[in-house]
Amino acid sequence: MDTSHHYTQAVTRAVEELSDCRSYQGLFHQYKDGEPLPSGRSLCKIVDLARAILFPGYFGNPTIHSQTMKYHIGVNVEELFALLIEQIQAGLCFGVENGNKECGDTPCRKTATELAAKFISRLPEMRRILATDVEAAYYGDPAATCFGEIICCYPVIRAITNYRIAHELYMLNVPLIPRIITEMAHSETGIDIHPGAQIGHHFTIDHGTGVVIGATCIIGNHVKLYQGVTLGAKSFPLDEQGNPIKGIPRHPILEDDVIVYSNATILGRITIGKGATIGGNIWVTESVPPGTRIVQRKNKDTL
Amino acid sequence: MDTSHHYTQAVTRAVEELSDCRSYQGLFHQYKDGEPLPSGRSLCKIVDLARAILFPGYFGNPTIHSQTMKYHIGVNVEELFALLIEQIQAGLCFGVENGNKECGDTPCRKTATELAAKFISRLPEMRRILATDVEAAYYGDPAATCFGEIICCYPVIRAITNYRIAHELYMLNVPLIPRIITEMAHSETGIDIHPGAQIGHHFTIDHGTGVVIGATCIIGNHVKLYQGVTLGAKSFPLDEQGNPIKGIPRHPILEDDVIVYSNATILGRITIGKGATIGGNIWVTESVPPGTRIVQRKNKDTL
Amino acid sequence: MDTSHHYTQAVTRAVEELSDCRSYQGLFHQYKDGEPLPSGRSLCKIVDLARAILFPGYFGNPTIHSQTMKYHIGVNVEELFALLIEQIQAGLCFGVENGNKECGDTPCRKTATELAAKFISRLPEMRRILATDVEAAYYGDPAATCFGEIICCYPVIRAITNYRIAHELYMLNVPLIPRIITEMAHSETGIDIHPGAQIGHHFTIDHGTGVVIGATCIIGNHVKLYQGVTLGAKSFPLDEQGNPIKGIPRHPILEDDVIVYSNATILGRITIGKGATIGGNIWVTESVPPGTRIVQRKNKDTL
Amino acid sequence: MDTSHHYTQAVTRAVEELSDCRSYQGLFHQYKDGEPLPSGRSLCKIVDLARAILFPGYFGNPTIHSQTMKYHIGVNVEELFALLIEQIQAGLCFGVENGNKECGDTPCRKTATELAAKFISRLPEMRRILATDVEAAYYGDPAATCFGEIICCYPVIRAITNYRIAHELYMLNVPLIPRIITEMAHSETGIDIHPGAQIGHHFTIDHGTGVVIGATCIIGNHVKLYQGVTLGAKSFPLDEQGNPIKGIPRHPILEDDVIVYSNATILGRITIGKGATIGGNIWVTESVPPGTRIVQRKNKDTL
Amino acid sequence: MDTSHHYTQAVTRAVEELSDCRSYQGLFHQYKDGEPLPSGRSLCKIVDLARAILFPGYFGNPTIHSQTMKYHIGVNVEELFALLIEQIQAGLCFGVENGNKECGDTPCRKTATELAAKFISRLPEMRRILATDVEAAYYGDPAATCFGEIICCYPVIRAITNYRIAHELYMLNVPLIPRIITEMAHSETGIDIHPGAQIGHHFTIDHGTGVVIGATCIIGNHVKLYQGVTLGAKSFPLDEQGNPIKGIPRHPILEDDVIVYSNATILGRITIGKGATIGGNIWVTESVPPGTRIVQRKNKDTL
Amino acid sequence: MDTSHHYTQAVTRAVEELSDCRSYQGLFHQYKDGEPLPSGRSLCKIVDLARAILFPGYFGNPTIHSQTMKYHIGVNVEELFALLIEQIQAGLCFGVENGNKECGDTPCRKTATELAAKFISRLPEMRRILATDVEAAYYGDPAATCFGEIICCYPVIRAITNYRIAHELYMLNVPLIPRIITEMAHSETGIDIHPGAQIGHHFTIDHGTGVVIGATCIIGNHVKLYQGVTLGAKSFPLDEQGNPIKGIPRHPILEDDVIVYSNATILGRITIGKGATIGGNIWVTESVPPGTRIVQRKNKDTL
């Protein structure tokens, strides 16, 4: 039948073209043969497990008995550990620039295991600091009725949890994976925090959609942001080939107790001083002294 | 082997610390032993069922016969009812502040059943008002080709459906669950509507990402918002302990036929009068008379 | 028992009301009896398959061998083809306004098969242009370490991939489905690109949440947007019945090499000339000459 | 690496050989290009649905309310109908010997729809006769406590239900599918009933493992078998090419009220008369008059 | 269209007939409105959990660390306990003959919880006796290479594990569920052991297909059966209404160290004395003294 | 509450006892810490893949196009290969008796990879011989209508396919896994073939439930068995400790063209000569000359 013939042609031709190695090994094909890339599905599971460990009852199994909680945390930590080893190994392989180093070998797995163990040992500290973020969200919102509501409902908790997980992995020099984890929260909450940013305790973001926190930001304690706030780079120097130079501090520093209202944009390596308040919908590209309050000029006309 | 030894140590130590009840019963651990918290997974299912009931064919089973539709609606309503009873009970238990009242008992389940039945009986009315929202979206967008396209594709329909579901539960004084349901839509659409807000018929939001509608907002009929609009609180009074006072009206009132363009921010208990138009990217903290049209002053320089 | 009686009443009454055909055939019920609507679940699978075909290893199966990649691409293309036929057919049925034409018949399926085959044959070209988008994202972000990181993590890749898939289907006049596909990316990334927009190569969006690109936009090559940018319509003419007139060009044209910074709003059928730069948080409703740089006036007061 | 090289070789060579059409089109490859075979997974679902319809509460959803049962039966019948159409069509295509008749065409689907509708209309009668089988099992086993226990636990119910479903399809001349359905029960229960057998009401089998009932058996009412009973063919005439001649009556006739004890073997087109009893572990190849009781001779020696 | 009309008729008529309460409340409809029946799916999960607890590593999660095994056993025991409470409650409700006793009430759930707790406390003892069954299988089969192979592969382990689980529940007077559990093993292995049978330690069955062990059997220690062995009832007395009298001992007693070879049939309340051996394919209806060896007489003719 | 207290006690006590290493390291606990056992779930997947490769269309994806079949076979073979490596490695680890050899190391994985590659390269030959088994089943059953029906429905095909897969692995000295694979077919079909048996081409079994074929059987070509046939060991010599001596030939040899009817039992290292026929329900413990026909003596009395 004609249809069937067309079928064959359309499918097999497209497959030939799409499988041609020349169409791959050119521009963006950089993986190595037979070594797995980090898996979105596994990293999703990793985030689910970490959330269930850090906030038992609120994520994962909804019923908790204090006498048996240990079993559940034990099983979750063990599974998290196993998945992390595998994904960190995939990340390390991905990160190796030099094709000579082979990644299926023992040293690479050993490194992955050590890094995963370090991460696991940081979980209690992560929970301690996340507890301060819950507090900050609660005391900052008159609509909140209890800590539990904050943990269950507020998107900032998901975003900041993913950030704190990703930041630990980032500090262990695990490639790629930290960014995937914060982008998961970006997709889920609209809050985009780069894993390289440094963020103090009692941090919160209200509503959150559209918030961007760049890779070299430094944020103190008790800082609060509203939706749509950008802490970005103004521009970046290019190297001799015209490529952006990587790794230069280029995002703002927010000292303790700063508040930034909705849709404000703060750009460049400037410092917003302790206790300063930045009003909504404004554009800040110069440092702001401590305690200052900056607001939008009246900018509307009634017709 | 060393690796195995490390393994054991990393995992078991972290589990010990993370299971220590002192690390829980302090700050943010507030659930009660052995009583389930509301479950994100079940609430997700509840939303899926409600959408399939309210818009059959567009959500849930994609094939509908008029003669057999009743069977499908019947099964979905029954399953929705059963899940609601269970989740409302979990929400009621969660909401009980006083530890003396036991939540596994019959009265609590009976209350949950009554509330779920009330919710179920409101479904036809919910569909009627949602039909007006579909109309509003259709007549407001020249790119829309038919009502069906609106229901299938437009994020506002998902956000407003979740809001109307959540608002019904909110009016029945069900704790926690309404907020989880609107936050699901927030995650899915970037539109953050507090379940406590009051919103009239023929309501629509175009694009929607970044919209925030606060808990005490009152929105009339035939109102239209664009992406990035905030209807927020300006600031809130603190009580003697310095905590925000809960429950005070603090968000705007939008009368009938108001239009608010993208990224406008309207803050505080002010009133935007009937038929007023608020231009994009502006910041409004004072009431606006009916019929007024406010736009941004020219605010750019060409260099 | 009373409870059981209440149960029966609440459920069966609601089912009666919700199944009453009068409550359907009025306003927004437009599907045809027994013919499936496009299915969100199938379209999700279609997007997953297309991503796995276009970026093997990064989406879908994370392990790839160059010698066996062809098998995987072959299976994925074949499954994609089969699902597309079914969904395009559902879309065509949905799109038929005239109730006389029956959609279960051979012509309709034949058309769907032809359109699906055309789409399949466009996949290699889609990959070529997506490769330029990956390049653009890489060279535009100093935080990016390699092309692979861009593909794995950057939301713009998901949004632009869905857009390029949807645009091909839109150009084939497939109803409804293109819009569902771009709305999936909107939900996932906060980037809302209408499938009708025309977008050149080397296109990128940084962060992306809140970006809106309207249906009649024309965007050149090497264009870069930041988060929160709106390329929208200013207003639209109504016909004699007061309904918006469909299909009129009403969104901006951005020529090659334009950059638009975060939260800028560009409205109406204006032209942003080649190489122009639009600063953040501003509102543009008039054409901008090539090479111009527009920035926000200082608009803040320090109190 | 060598390993990777071996890998490539082993896999790609085997794939080449296994995909070579000559290795297929020879002996046992008889399917037609692009037309689906009946699917084990779908037939499994068909059996689950039919059981849930025939014995609601015992199979499928375990909770039933009399007021809402209709919705569940409705949804199940509709899904069963849709699956049956698709599988009967696959079976009809499979059954067509002549390659000229194309099976994707309307007549074939129309036939499948008509046959499925006939099957659906037989469901109430199937339930009536299955009720007699439940009765027979109950009154025949002193260990049974109620009808419900019979339906839940007794393998004969699953075997006879599948048989009665398959027999209806067999009587409608649906190829292949009836046999797959009875083999599912064979796998589940060890009871192998050919769908062509004719079996009266009040039929039961105790324990059942190893029972074989051949294609041309005729079994009256109120017949009871025990485990391991074979109702088989003695030998079968060959045609001129030495192949067995198909369709000749070659299995026993059991009249009403016959009992056959465990592991008895009854072979050939003989008649076991009304009310006869056949003892265990014996071998019967000649007809037995009504009312006769045949037992094994003492056949053991004590050493 | 005609097809669609037929469709409607076939489905809706069948649904009407099948939902008519008269077709239910007659013969075999005995469940109570709104109370769940025991669920095959849950009981399956219960068996999987019990097997994973009793034989960790061999069933359930295949990787076990001695240091973390406790977490896994803890989670499995807790889940088993919760599922058992629910299923035992369903079983108790099912078992209540008198419609006056309401089953959704607290006493019934309390009873179910107590019975489940008793069952849980018996698990260590169950493992001890199952270990003897593993030993018996190992020492009885020259083809077995280690205990692990026995546990992984030998169907007798699955059958006897289900039997020992079911027997505990039977001894706690839980209705219905024990029989469902042994029938699951019957389906899986072809070995049909009634949960009421009493079986000593070091029990094994080789191959097993077709074995039947009746409800009132008493089997000593170190007994071995082969495939196809029936330990059944010869006939059973009827009461005045002609129904079988329930609960009378009617199956054999096998004393310690008895061996029964394949396809032997032992019927009635007879005693096979300590150390006796019963040869294959024979029929035993009278008691056999200790130490006796019974074999089949030569019963074949060579033609 | 008391209940909760009981709960805690029942669960935690049982967990303590069941996790006590003394209860494990005694009798039947033989796995090694942290090394996975072969996984039933993975082996199930392996069998499904192998069946889909050997009989495409009949198992796995039901729709096949000759032009694209290669892609499907390619993906299936690659997945089969990967799963086999992992499971063979688990089997090799399990099989290592000496605790000194560590199994996570490269040599073991390398061996597993080599064995898996050998297995993969045998797949075409396996298909060739299975084709003869399909032929044998077809020509032996007058009820069979075509080869496809045999492959779809006849349990012997599943049993013999699993046997031929398992036998290949057995010949490669893979421990444990071959037996698990044949036991899967035993559970599915009631046919129990030991992977060590040697079976020629054109082999078939009718109905099959209860068939047992022992580890040292040798079966020629064109042999046919009926249900319930045992090819077993008569008795086996014990070593000085009273344990059975492993590995001695102890099961029958069936030469070419032998037929064995239902429920016959053939025991010990005897030879059934070429072309012999063994009648049903008889017991054979001595060799039978070629061409002989043995039948049961009349062994019944009519009362």
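Note that the chains are named A, B, C, D, E and F in the order they appear, and that numbering of residues resets to 1 at the start of each chain.
As a working rule, a contact is a pair of C-beta atoms (placed from the backbone, for glycine too) under 8 Å apart; a residue touches a chain by one contact, two chains touch by 3 or more.
Note that the structure is a prediction, hence the values are computed from the model and not measured.
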Superposition of chain A upon chain B: rotation angle, C-alpha, nearest 5 degrees: 120
Just going by residue numbers, which of A-E, C-F or E-F has an interface where over half the contact pairs are the same as at D-E? E-F
Sort the other chains by how far their Cα centres are from that of chain E and give me the top one. C
Using Cα averages as centroids, what's the distance between chain D and chain F in whole Å? 25
Rounded to the nearest whole Å, what is the centre-to-centre distance of chain C and chain D, using the mean of the C-alpha atoms as each centre? 50
Could you grab the centroid distance between chain B and chain F? Build each centroid from C-alpha atoms only and quote it in angstrom. 56
Two or more partner chains touched - positions in chain B: 4, 7, 11-12, 15, 33-34, 63, 65, 68, 70-71, 73-74, 78, 190, 209-210, 228, 263, 279, 281, 296, 299
Per the contact definition, I'd like the list of chain D residues that touch chain F in the complex. 3, 6-7, 9-15, 17-19, 21, 23-24, 26-28, 30-31, 33-40, 90, 94-95, 175-176, 179-180, 183, 186-187, 190, 192, 194, 196, 209-210, 212, 214-215, 228, 230, 232-233, 236, 243-248, 250, 263, 265, 267, 279, 281-284, 288, 292-297, 299
Touching residues on chain D, where the partner in the complex is chain C: 4, 7-8, 11-12, 15, 65, 67-68, 71, 106
As the complex stands, chain C meets chain A at residues 53, 56-59, 62-66, 69-70, 73-74, 77-78, 81, 110, 113-114, 116-118, 120-121, 123-124, 127-128, 131, 134-135, 139-143, 145-155, 188-190, 207, 209-210, 226-228, 262-263, 279-281, 296, 299-303
Taking the complex as given, what residues does chain E use to touch chain A? 65, 68, 70-75, 78
